[in-house]
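A, B, C and D are the chain letters, set down in written order, and residue numbers restart from 1 in every chain.
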Amino acid sequence: MKNVAIIGGSGYGGGELLRLLLAHPCVEVKQVTSRSHLGEYVYQVHPNLRKQTQLKFSNPALLETVDILFLAQPHGQAQHHIEEYVRLAPKIIDLAADFRLRDAAFYEQWYGEKHAAPEWLSKFVYGLPELHRAEMRTASYVSGVGCNATASNLALLPLVKADLLDTSAPIFIEIKVGSSESGAEGNAGSQHAERASVIRTFSAFGHRHTAEVIQEMGVDAKRVSLTMTAVDLVRGVLATAHGKVKQGVATKDLWKAYRVVANENPFLRVVKEQRGIYRVPEPKILAGSNYADIGFELDESNGHVVAMCAIDNLMKGASGSAVQCMNLMMGWEETLGLVFMGLHPI
Amino acid sequence: MKNVAIIGGSGYGGGELLRLLLAHPCVEVKQVTSRSHLGEYVYQVHPNLRKQTQLKFSNPALLETVDILFLAQPHGQAQHHIEEYVRLAPKIIDLAADFRLRDAAFYEQWYGEKHAAPEWLSKFVYGLPELHRAEMRTASYVSGVGCNATASNLALLPLVKADLLDTSAPIFIEIKVGSSESGAEGNAGSQHAERASVIRTFSAFGHRHTAEVIQEMGVDAKRVSLTMTAVDLVRGVLATAHGKVKQGVATKDLWKAYRVVANENPFLRVVKEQRGIYRVPEPKILAGSNYADIGFELDESNGHVVAMCAIDNLMKGASGSAVQCMNLMMGWEETLGLVFMGLHPI
Amino acid sequence: MKNVAIIGGSGYGGGELLRLLLAHPCVEVKQVTSRSHLGEYVYQVHPNLRKQTQLKFSNPALLETVDILFLAQPHGQAQHHIEEYVRLAPKIIDLAADFRLRDAAFYEQWYGEKHAAPEWLSKFVYGLPELHRAEMRTASYVSGVGCNATASNLALLPLVKADLLDTSAPIFIEIKVGSSESGAEGNAGSQHAERASVIRTFSAFGHRHTAEVIQEMGVDAKRVSLTMTAVDLVRGVLATAHGKVKQGVATKDLWKAYRVVANENPFLRVVKEQRGIYRVPEPKILAGSNYADIGFELDESNGHVVAMCAIDNLMKGASGSAVQCMNLMMGWEETLGLVFMGLHPI
Amino acid sequence: MKNVAIIGGSGYGGGELLRLLLAHPCVEVKQVTSRSHLGEYVYQVHPNLRKQTQLKFSNPALLETVDILFLAQPHGQAQHHIEEYVRLAPKIIDLAADFRLRDAAFYEQWYGEKHAAPEWLSKFVYGLPELHRAEMRTASYVSGVGCNATASNLALLPLVKADLLDTSAPIFIEIKVGSSESGAEGNAGSQHAERASVIRTFSAFGHRHTAEVIQEMGVDAKRVSLTMTAVDLVRGVLATAHGKVKQGVATKDLWKAYRVVANENPFLRVVKEQRGIYRVPEPKILAGSNYADIGFELDESNGHVVAMCAIDNLMKGASGSAVQCMNLMMGWEETLGLVFMGLHPI
């Protein structure tokens, strides 16, 4: 059993992480910190954990050393404290955006501020196992992933890997998201009376997660855009990438590209059915699951392709991927503690 | 007072039409037909009409002549009976898809069957007042509009009218829709347990309403696609068109184009705010209203434009537009009986 | 045209009131105040009012005299300013709880504080037209109604009026409510991610609206309880009163009692169908409507009765009733400006 | 590893059971039958099972013998085939209502038809482990439980067990339920457009599950009623029992009674907090979990008690309890395969 601690455990990402770690066969959670809920039982904030643990939120200033340290704070904290954190644990996994980008100038361009610890950017591996599995096996430090970036990157992965995209055409990625993306703090617009039944485009261009798509997929920044629309569900993201395939690329080529990727990755599934209710990737059935469901449609008459990826933003888009990273970093079975299948109906 | 009758009154479009006509100051509803609910009070099917009317559903075979006849049947009925219908009334408004397209071959291409009354196609005016107001003032026959086509056409209208679009770039229209689009009959996938909290792309390409966008916007069929995604609300459509503007077109040009269109049309509003919760077009606040809210975002760095239109699919996307057409055909004030403002919150 | 002003127009009740008054044929809205949104267009807060009015929120300190003054502030304000308000208008309608109870000691018992203007309590008429129509015709000051109290009172009204209840048995009123009851400010628990899909009993006993049921129905305080449960909708209340009828009372007696009440009141409807989807009172179809739908079931084997009333909490439970009161106070047609039928489906 | 088969695997209860059994460490699922989906992969109906199993729905006529047989058919099937089924397996667990009641006359009274195999009624143990744990350890045949009966019985259990209820006062049980209770077939009223945002009382008295409360809690049939109201969520039941405690019973007595029951039962939790969002039992956080959360409020001034129980109707109310029964029947750890904690937020 390895000892772990979580800094910032009262948010949604921290709570989900705690749930997964409490059930993980190889780790023991020693501390979970929260300034705003200091001294409270964790189940008072995360009511699903009642009767699961008697842990209370502890003071982040009093952390002891552990084998693995998870950072689940709001963005912008970790880069100011990374030197302290590395003294606490040999392995660190950060769920926030602080160490996702490899280049300090690129970071400044997208986040509108200088990075506080630019020398640390190169020491982190980007935390999506489907893209960096090999490096993770030897990595000490792994970053988090943006949930919208993850859905986008996994939608594009089969096409990019098999080099099927016409690189001169734009890629419009339409992303629909649930309310848990707003975080536990929320805002005026995420009050239920204002947020229920919405189809609300809160960002047409310029969402920060775009930077992770540019970096990880190697697409030209001018060609790609993410458009974010809030819809009425709590957990879930669907990314729908609209692009163009190279001349001559046919449906069978895409099938092959998708199958290759799904076979190489335990948490990827191709969903493309001719009958039944669930014919395409849908986040509805993924709540609590670490799967990313991928699929596509190709209009062979003009080469337009629609590539889809559905995930649970708190699982594959955050805490699930973080646990998957931990498994790889520790040399454990990649799927350990991540076997929940999701529910139907839900 | 003019006499009106509705053929096919038990569906959602028919019920909404009935609601509007019962409150309209210039008409009296004489008959509403329904085979499946023959003899029932209309309020037993449309419970909002309780204490509003004692009308019962009548037999379509026993219709008497009226001044205005509305057809609210499922698609494919009206074209087989149009010769009978024109003997019943001098003015006909059809909500279905039977007479939306002007060309029989084009109809066959999109509907996969020969049209049963091709000679009648040229006698109908396409039923969107924002596109055909002048013709409607003298028209005897007006077609319905596809709700998704309406959201798409009104999203594109300012750009097309001001000729701002780069006609060599594709137009991807992402459409999110509520469950009332499935109709009162529904299907296995529209059962609440399967339909709640979905983000379900049920048509990536090839939706029939695409034909109405091609016809009415004059865009090349190869360049435009509609991608349909069901989300969790009952009433509402948001169409988001992703395209490219001509070189040199700036945000101020779009502002001008949008304002011109909004000023010319009583039911169009430009929504583009810098603060508050409701900054962009959203169907949430349009339930029951005939407004179409339009808006845009332009990335001046690469010319990518996101053009949005939100409507209530049963109002501006069906019955509301039909009543607006009636007002124009009869020489009445265009907004008569359509003044409901919508609700907030809802 | 009479001049009206609204103090406190940025909340949900104030916004709904404004919507109704803007469409009312006999009044002109001269001022709407809001401290927090001072100077903003009202449509920036209430987006359904875009293109309906160019009114901006004004300073409550600068109000001019009007014919009718509506108070739509949070509870506890009006009682401190009533002397100022009566100098501004001869007719006042208060939507808050300040003047609902007739007895200062009773107020203190339920609100936990002394009333600031006890001498004014007797000058207000309780604002439910179904209970105080005659007094309203000559009243200068009318109070608001609690939305949950209104649903409860109208559920019980036919039984109480016809004296059918066994007064020795308890009355348990189970109330299910939507999220707009939390108000525009909201709270941590009304964030969408925490509030969606809830069945959350937030008050088992002791809700303040209970006092209005005791006062208006004349039931013994020991016998009646309101249990409040939040469910997933925005607008709507269903009150379900569980009680016992007097020995020998049969279903036909209840039918008669309900019909009498529905015939006397333009906004009451009895809903009790044997077929179809909508057989009982339901708030779903009442959004935006001023109707209160009432119904019942009686178990003749043991005298248990279930009496139901569904309303839109912002309409019949607040602003709709307030406009109905205004109509009565001014000698206008009671239903003026309140004819919206509600939507189906929604 | 024990071999199991499921008869009737395409419904919601069967699908949930299959999910649990596929992850259970001591069993192997050999067959899952479905007539309507014969030959299809189970993941085509239950999409959460994709990449979990290659099982296909098989023909119930071709079942082979197994160690444990689950019956997950619609009500009314099992009683006609029980003689066949007992030849297939030494241990049978039936999820339907066929063998829940111990008395044939009582069955006929509530189900309106003679039981087809009355001699089998006494051979089944009622399938709620919290009530019949000891008998289950030696039982061959265990029945299912009604989900609404389970929520009601567990709400009342602490009060009944500690004998705190005034047996002369009525018990009104108000039950709010999600749409998965309608089953995979659904009906006109469970179409999303008609079912979303409802508060719909579909049964005021006489729901069949009442019989299980009478039988298992030993309450007089005249005193107890279940009132069923559909609300907008997919999974979940909240039962709220309104009754009266014996004279002199205080809050501390109830606390003690609840704690005793929670300590004796691994899946019961008392929820009664003074702060935070989740202070009372709520089904929202129980989706996929086998917990039953119980709680209460007592008005000491008049003895009114509100006793609550929240469950996931497909888990503790059906398939979860069935697996728990299996664990007890087989001598395994009671919680085996049932450790999923539920999600927050969801």
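We take it that contacts are C-beta pairs under 8 Å (C-beta built on N, C-alpha and C of every residue); 3 or more make two chains touch, one makes a residue touch a chain.
Since the structure is predicted, the reported quantities are computational estimates derived from the model, not experimental observations.
The set of chains touching chain A and also touching chain D is given as B, C. Centroid distances from chain C, each centroid being the mean of CA atoms, peak for A. Both chain B and chain C derive from one sequence, and where they touch, over half of the residue numbers involved are common to the two copies. Separating the CA-averaged centres of chain C and chain D is a span of 38 Å. If each chain is reduced to the centroid of its CA atoms, chain B and chain C end up 35 Å from each other.
Rounded to whole angstrom, the centroid-to-centroid distance between chain B and chain D, based on C-alpha atoms, equals 45 Å.
For chain B, the set of residues that touch two or more other chains comprises 12, 180, 188, 193, 196-197, 232-234, 277, 282, 345-346. The residues of chain A lying in touch with chain D in their complex are 12, 15-16, 19, 22-23, 44-52, 180, 234-235, 269, 271, 273, 275-278, 282, 285, 287-289, 291, 293, 339-346. Touching chain C in their complex are the following residues of chain D: 169-170, 172, 174, 176, 188-189, 193-194, 196-202, 204-206, 222-223, 225, 227, 229, 231-234, 236, 238, 240, 242, 244, 277, 280, 282-284, 297, 299, 301-302, 304, 306, 308, 310, 345-346.
Per the touch definition, chain A reaches chain C in the complex via residues 12, 178-180, 182, 184, 186, 188, 190-193, 195-197, 232-234.
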